[in-house]
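Sending over a structure as structure tokens; questions will come in a sec.
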Amino acid sequence: QTPRKGGTIRMTAPYGSSFTSLDIHTTQRAQDEIYAKALHRSLYTWDSAEGKPVPELAKEVVVSGGGLVHTFKLRDDAYFHDGRKMTADDIIWTFNRIMDGTKAYPGARYVRIIEGAAAVEKGQAKEISGLKKIDDFTLEMKLTEKVDPGFYFFTALTSIYPADEGAKDSFIQHPIGLGPFKFVEHVPGSRIVLERWDKFYKPGKPYADKVIVSIMGEAAARDVAFRNKEIDTSVLGPAQYVAYQADPNLKGTIVEVAEVFTRYMGMNPAFKPFADKRVRQAINYAIDSDLIISKLVKDKAYRATSWLPLTSPAYDKTMKPYPYDPAKAKQLLSEAGYPQGFEFEWTTSQNESWGLPIVSAVIPMLDKVGIKVKVKQVETAVLAEVVRTGDYQAFIYSQQSGPDPLAALKCFHSSTPQPACNYMNFRNPDFDKILDEAGQADDSAKRTQLLQKANAFLYEEAPVWFFNYNKAVMAVQPWLHGIQKNPTELTHQNTEELWVDDTSPAK
Amino acid sequence: MTGAPLIEVEDLRIDLDDGERRVAAAEGISFRIDRGETFGLVGESGCGKSITALALIGLLRPPLSIGAGMIRFDGREIQHLSAAAQRDLRGNRIAMIFQEPMTALNPVSPVGRQIAEMFVLHKGNSWREAHQLAVEALASVRVPAPERRVNDYPHQLSGGMRQRVMIAIALACGPDLLIADEPTTALDVTVQAEIIELMRNLCAERGTAILMISHDLGLVANVCRRVAVMYAGRIVEERGSADIFRTPSHPYTQGLVDSLPRLGSRAALGRSRLKEIAGVVPAITNFPDGCRFNPRCAHATDICRSVAPTADLLEAGGLVRCHHHA
Amino acid sequence: MKLRANLVIGGTLFALAVLVGVLAPWLAHTDPVLDANLMNAEEPPSWTWWFGTDDQGRDIYSRVVYGARVSLTVGIVSQLINSVIGVALGLSAGYWGGWWDDVVNALTNVMLAIPSLIFALAIMAVLGPGLTSLLIALGLTNWSFTCRIARASALSLRNQGYVQAATVLGYGDLRIMMTQLLPNMLGPIVVIGTLGMGSAVLSEAALSFLGLGVRPPFPSWGSMLSDARDQITTAPWLSVFPGLAIFLTVLGLNLLGDGLRDILDPHSRSRRT
Amino acid sequence: MLSFLIRRLLQTIPTVLAVVLLVFVLFSVVPGSIVSSMSDDADPQVELRLKKQLGLDDPVHVRFGAYIAKLATGDFGTSFRTREPVTAMLAKRAWPTLQLIFAAMAFSVVLGVPLGFIAALRPGGLVDSAAMIVAVTGLSIAKFWLGLVIMYVFALKLGWLPSFGYGDGGLKYLLLPALTLGVSPMALFARTTRAAVLEIMTADFVRTARSKGMSETRVVKWHVMRNALVIILTTVGLQFGGLMGQAVVVEKLFSWPGIGSLLVDSVLQRDIPAVQGSILVVVLAFLAINLLVDLLYGVIDPRIRYA
Amino acid sequence: MHEPRGKDDLILSVEDLAVHFPVGGGLLGRNRRMLRAVDGVDLNLKRGECLGLVGESGSGKSTVALSILGLLAPTRGRIVLDGQVITGRPSGDRKALARIVQMVFQDPYASLNPRQTVRRTLEDPLRVHGVTARSEIEDRVATMLRHVGLRPEQADRYPHEFSGGQRQRIGIARALILNPRIVICDEPVSALDVSIRAQIINLLLELKDTLGLSYIMISHDLGVVEHMSDRVAVMYLGRIVENGDWREIFERPAHPYTRALIAAIPDPLHHAPLATTGGDLPNPLNPPNGCAFSPRCRYAEDLCRHEPGPVLETRPDGHAVRCWRSEEIAGQAAMASGDNGHTQA
């Protein structure tokens, strides 16, 4: 089928009742990246088919300097929506902006990998020393570590802004990017409307004339709108996943993908019972995760074995998850000195797929082995804070565990501070050693093997209850084509690949 | 037509439906008023004066209703008229003034309009004409600066002024009968005197008959030619007003006349203990058998306790409802 | 006086709800929190599961029965707090007048100007979700109406002969307020209280919907209804029963309030013609 | 009239100040650091610098003073979350909310008041009973639940109206949210109107009107209506507050881009300047509307006009 | 009849009492005006005496009473009760005052707390005043109930179970339970059924003698005032316009207002048109210039309308009048006497 030109794509943003900001550098919420994928471009992009980041704004990348220096041969056909051609200056300007320490841009965590970036953040330097403009379309980047920069620079948090334009007050009202669609209108709390950018650098693309991203936080309302053919995509929760599967008219609309998120219960080693590995393992034995996944999550998830998710290159298919074995759990508890069990406080948010309902289902299971749970419900923002500061006995969370396995496991490295992503404050020299080795390894097979070992180590240490890896499910109207199964976040679609056929009610 | 009474009430009974049963709030009410005559109805609070008046003008509303009897106005039985015909009489030929001038006027409508309504309703005038007539009506009740006052709202007028407005409304269409239900109890004595005089003069000029209701014997006797005394839902005595004070026939009337300190009596006769009527007024749901005054009557005998007395004609003229009247 | 239908129906519904809450341990078939068995998840209503089971496999009937406790506690306690605050402020302001009256009036205006649900939302955000917070949030935000009525009653009552008599007899202010004013203004206050309880139950549901409700695992009708909203078509029984419980209770309270108003509030009693 | 207006405006100032203070104090004790609403893993040093820059290190009273000073110039501060001036955010949100509230109010008044009138004309009759059943039902349903049902019925089953959205098509997007929001005030107005009319029907001046020989319809038209309006108006004015509260729920449900959904988002994400701004705007709107109601009173009720 | 009595016979004296109410004006106190409800009133009450206080509605009678009871703080003036100055004392002294002066209210329906039994209504004051012995309390309540003509068994009933007359008896019992010296009766019978009034008037007179009480009797009903009072004070617009022995006032009224008042009473046996004064009641917020009665007075001359108001002049016989022309009017009246004070308009 040849893609049709024209038409309107009507996407939905399901994660809340507004977009945070039109300045995509300020926001790390998945919600905002939905529109950003149409409006902006970063140095890299995630190639869902290949399962890895690929250069987007560069035609070629040359690695030198022992893997630390990357030289980007930039596109010379990328135009900002104001008609100006993108050059290396824009990228340097953008990265400098993100490192403005007075603004705390969340993208700083990625740019910090460039040498001299941290100095800018601390106000000790004006420009990132590791970025060098060779000519208008050649950029040299020196990293502090031997990593693949693609994993750092593919998200919208590092979207390239037109130099200087991005600093203007008007920019936040009317953003300008490099993406296939340009900004038309934002009705806060309702929608963003974008229209085709004719000078987009991929020939013949985008296909559609217009993209509307409507904000619809209520699953039930989204359901009505989707069935009513008012929207083209809808993210499905467990209940609707079941309902759509059961409905012959809707079954065909389902698109699923294993996302790189691990859902888990983090346990605070500072809370005495959790300091004991046996207790943590006991909890993994005591919870019938498979049952929860099938009954409560309605199979809209994959059972987690250890930290790394299914789609991770370092995922070990031979590993088996903790079996459901309350007797074993009881035995481990006795060994650890808690034959009668104990009580802990479990901090959770209301989230339907990894928050409160899961906690509620786990409570009676833990009760069976004598462990009592006190629930502390907080809002998502507070939970993030709690997790970062370690102000918890246990919490349940969904954390990105990919796409880069090394970065994902790095979260358990002793050198990673708790607020960064080492939320369980995990410190184990043996683990550190394996991981450091993996980081040094040049051979990718060796590296993968070491990463698998580290992952298995975590399994054994059980710093968390390994619950599941998310299965993202989206319903897509039959007239919308070109959906990419993006494991980093299914709603993040490269809109230039999408097209609607003429059966779309929106024309 | 002369000689025929203006209004004639015969054996009227007013029922009160209190949800479970019906009780007669007033019964056996009979009286007649001639054209241009002044007739008074006195009695204590709750004896049924107001509901009798409301029955005459057709304004009884549930839970009250006419149970029996007949009201004939100008030869026609009112109850049997259509609703529209009744409305034609009301305001136009029978008018009424109420006790509380404060609340009897609509607070959010200018007084002029409330008068003008009468002309629009009954005389078919346009609002513009009616407004002009309202100014004249206000002038006729001696409201100063009537052109200005027509646009005033009730709360901008004093109590006496409001009652004048009420009189203007009542007399607007030149009714044959004016029912005045305690028109001055809410007013000061000096103002009362003015209102009473105004009402009396205007009615005399126009030949309007007055049915005046009050619990003030002195006032009624002063205004009216004939007076009926009510007690517990019945008329117990009806006399010319000159006689009823000098020679009251019914023990209740006697008691009333004697029990009240009259201005000048202490100076003339010295301070003596007032005569008391023992006991209390019976509740409407609990009227005694026989003569309703019997529990409080010093002269009561067995017959009083069992048989309700009929209305007897008195030689000196008038009626009394007592087994033992003089 | 005829016994009014709304009074009887309303009273019965409310009494029933209270009874269910009180007798919850005896009425419930299972523990509302711990007796979750995912094997039984989302069973439709049947002889075993009267109201069906939820996605966690808990018996909805038992949860609705226990939910009465939380929802009614929220309704009753928060409204009690409101009534106490409202009466205390309104009564004293109306009785004493002067600067205190001005202060109370200003306070009432402030409370009136912030919609109570929004105010409750703000308080919940500060205190965090949970039953106590909810009681505080709803208990502090809805007293302005009671206060106004209490103040107006106190203003008119203080000119009543018996209040003046009490003053003349040398009663202290507190005694006058407690023995002379309070008992005589209870009618409308109770009416407002009853209606307020109904709206508190609804507010609890609304706050649950907004993600700031009662802390689990204890079931409240509002949180059950809110949690079930995504399954409104796939498993309607999840929402029907708590929804019905809320509806009937609030309906009962509204009817009861109306009925009480007819009896207690002299304003709506028909006067003499 | 003008002096009345000015006096009323002056009177609202303490109320507004008190509200500002209240909200400010409330959120100065909020748990969770403000910076967490900005970034997940900001460098601790960055966090400190940020706090300082936002003036969050100053004592509460200094912050309050600064806040008031800025407010006086119409500056509501900058949102922590969107980094936009709160004023700009509110400006965009105000109109949708006003649309929603006025549509709901219009719907509820237009339906509720006549319903109450009809019910009152024959108390105890069939219409009365039916109207009161509708009314009490409308008051007893959880709003979000009602909204979902309305959405299913009118959008999905009947296909009459879109289930969500704002703007381009105009009225058709407004109808369902306004209907959801309007049901309970409609019920309330029906009840208030009925009670008011019944109350007024027993007033002495109604008896006077009847004694003039007026038909019942005239009595109602000439004398009862206007008096009832005074009572209804009070309820309408106060009900705006309730509507603004309920709008939070309805806006969230229908993805309506108003102040309500902004408020919920901001509350949940600890965006304090935005929360303060939204509440303040709601309060100001409420006060403005009630000022309007007060002026209307003057038009309807001469006792107030001349007071 | 009016032999001068000793100064210590005075149980109450009110000197230059003024009570002004601020009215209008909002929060900001703009256009707030003073309503001079009482403006310079002097009154004396002797032991065992009944002072009648009459006057138009709004003339300040109740305000005077409330000031004496300590319920209103006077703007100016002095009140001496049983030798003690009570003005300017803290309101905490309400209890001491309560044992000297008490009040009987107009409306027997509104003046009893509907939620308290008669017993509580009567016992609570005793308790408040430190009488704690159960038997003494019961005794005093029973005695008092018998005094006012009720049976002690009726004490456990609620007010709605009594008729209006009985309620007024309870009101009187409540006023007397603390054994006060002075009782202020504000329209004690005007709300009662006509046939009941005599019972209450007789009761009040009896109690006065048996208990040695002094009364201040406020009433519209001149018949009642004449019947009960020893002295009468006539108020008009916040001031006393005439004050004197009852016989003087009723037989030889000196102030035109008093005369108009008396003349406006319809006489049941004398069907003459009622005397009218014309004019409207003055607005207390905006009192007329000169003599307050001048706009309505048929004797008014330029002097009355423009000079500042006349002062209260006391004649040797104790009869005081506030009128520029009382002498001349008295002369005219003497000429027209014989019509029982009724003046033709």
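Chains: A, B, C, D and E, in written order; residue numbering restarts at 1 for each.
As a working rule, contacts are C-beta pairs under 8 Å (C-beta built on N, C-alpha and C of every residue); 3 or more make two chains touch, one makes a residue touch a chain.
Everything numeric in this text was worked out from a predicted model, so none of it was measured.
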- Item | Contact-richer chain pair (by C-beta pairs counted) among B-E and C-E | B-E
- Query: Which chain maximises the distance between its CA centroid and that of subunit B?
  - Reply: A
- Query: Among the chains, which one keeps its Cα centre farthest from the Cα centre of subunit E?
  - Reply: A
- Please report how many Å separate the Cα centroid of subunit B from that of subunit C, as a whole number. 51
- Per the C-alpha centroid definition, the whole-Å distance linking subunit A and subunit E comes out as 88
- Query: Quick one: subunit A and subunit D, Cα centre-to-centre, how many Å?
  - Reply: 39
- Message: Show the residues in subunit D shared as contacts by 2 or more other chains, in ascending order.
- Response: 31, 148, 152, 207, 252-253, 264, 268, 270
- Item | Per-residue multi-chain contacts in subunit B, two or more chains | 59
- Query: So which stretches of subunit E touch two or more other chains?
  - Reply: 27
- Message: Show me the residue ranges of subunit B that touch subunit D in the complex, using the header's touch definition.
- Response: 57, 59, 83-84, 87-92, 95-96, 98, 100, 103-110, 117-118, 121-122, 153, 155-156, 166, 169
- Residue ranges of subunit C in contact with subunit A within the complex: 33-39, 41, 55-57, 125, 128-130, 211-212, 215-217, 227, 229-235
- Message: For a test of understanding, state which residues of subunit D touch subunit B in their complex under the given definition.
- Response: 203-205, 207-215, 218, 222-223, 226-227, 230, 300-303, 306
- Any idea which subunit B residues touch subunit E in the complex? 44-45, 158, 160-161, 188-194, 196-197, 200, 215-219, 221-223, 241-242, 245-246, 252, 255-257, 259-267, 271, 273-277, 280-281, 296
- Interfacial residue positions of subunit C with respect to subunit E in the complex: 102, 160-162, 164-172, 175, 179-180, 183-184
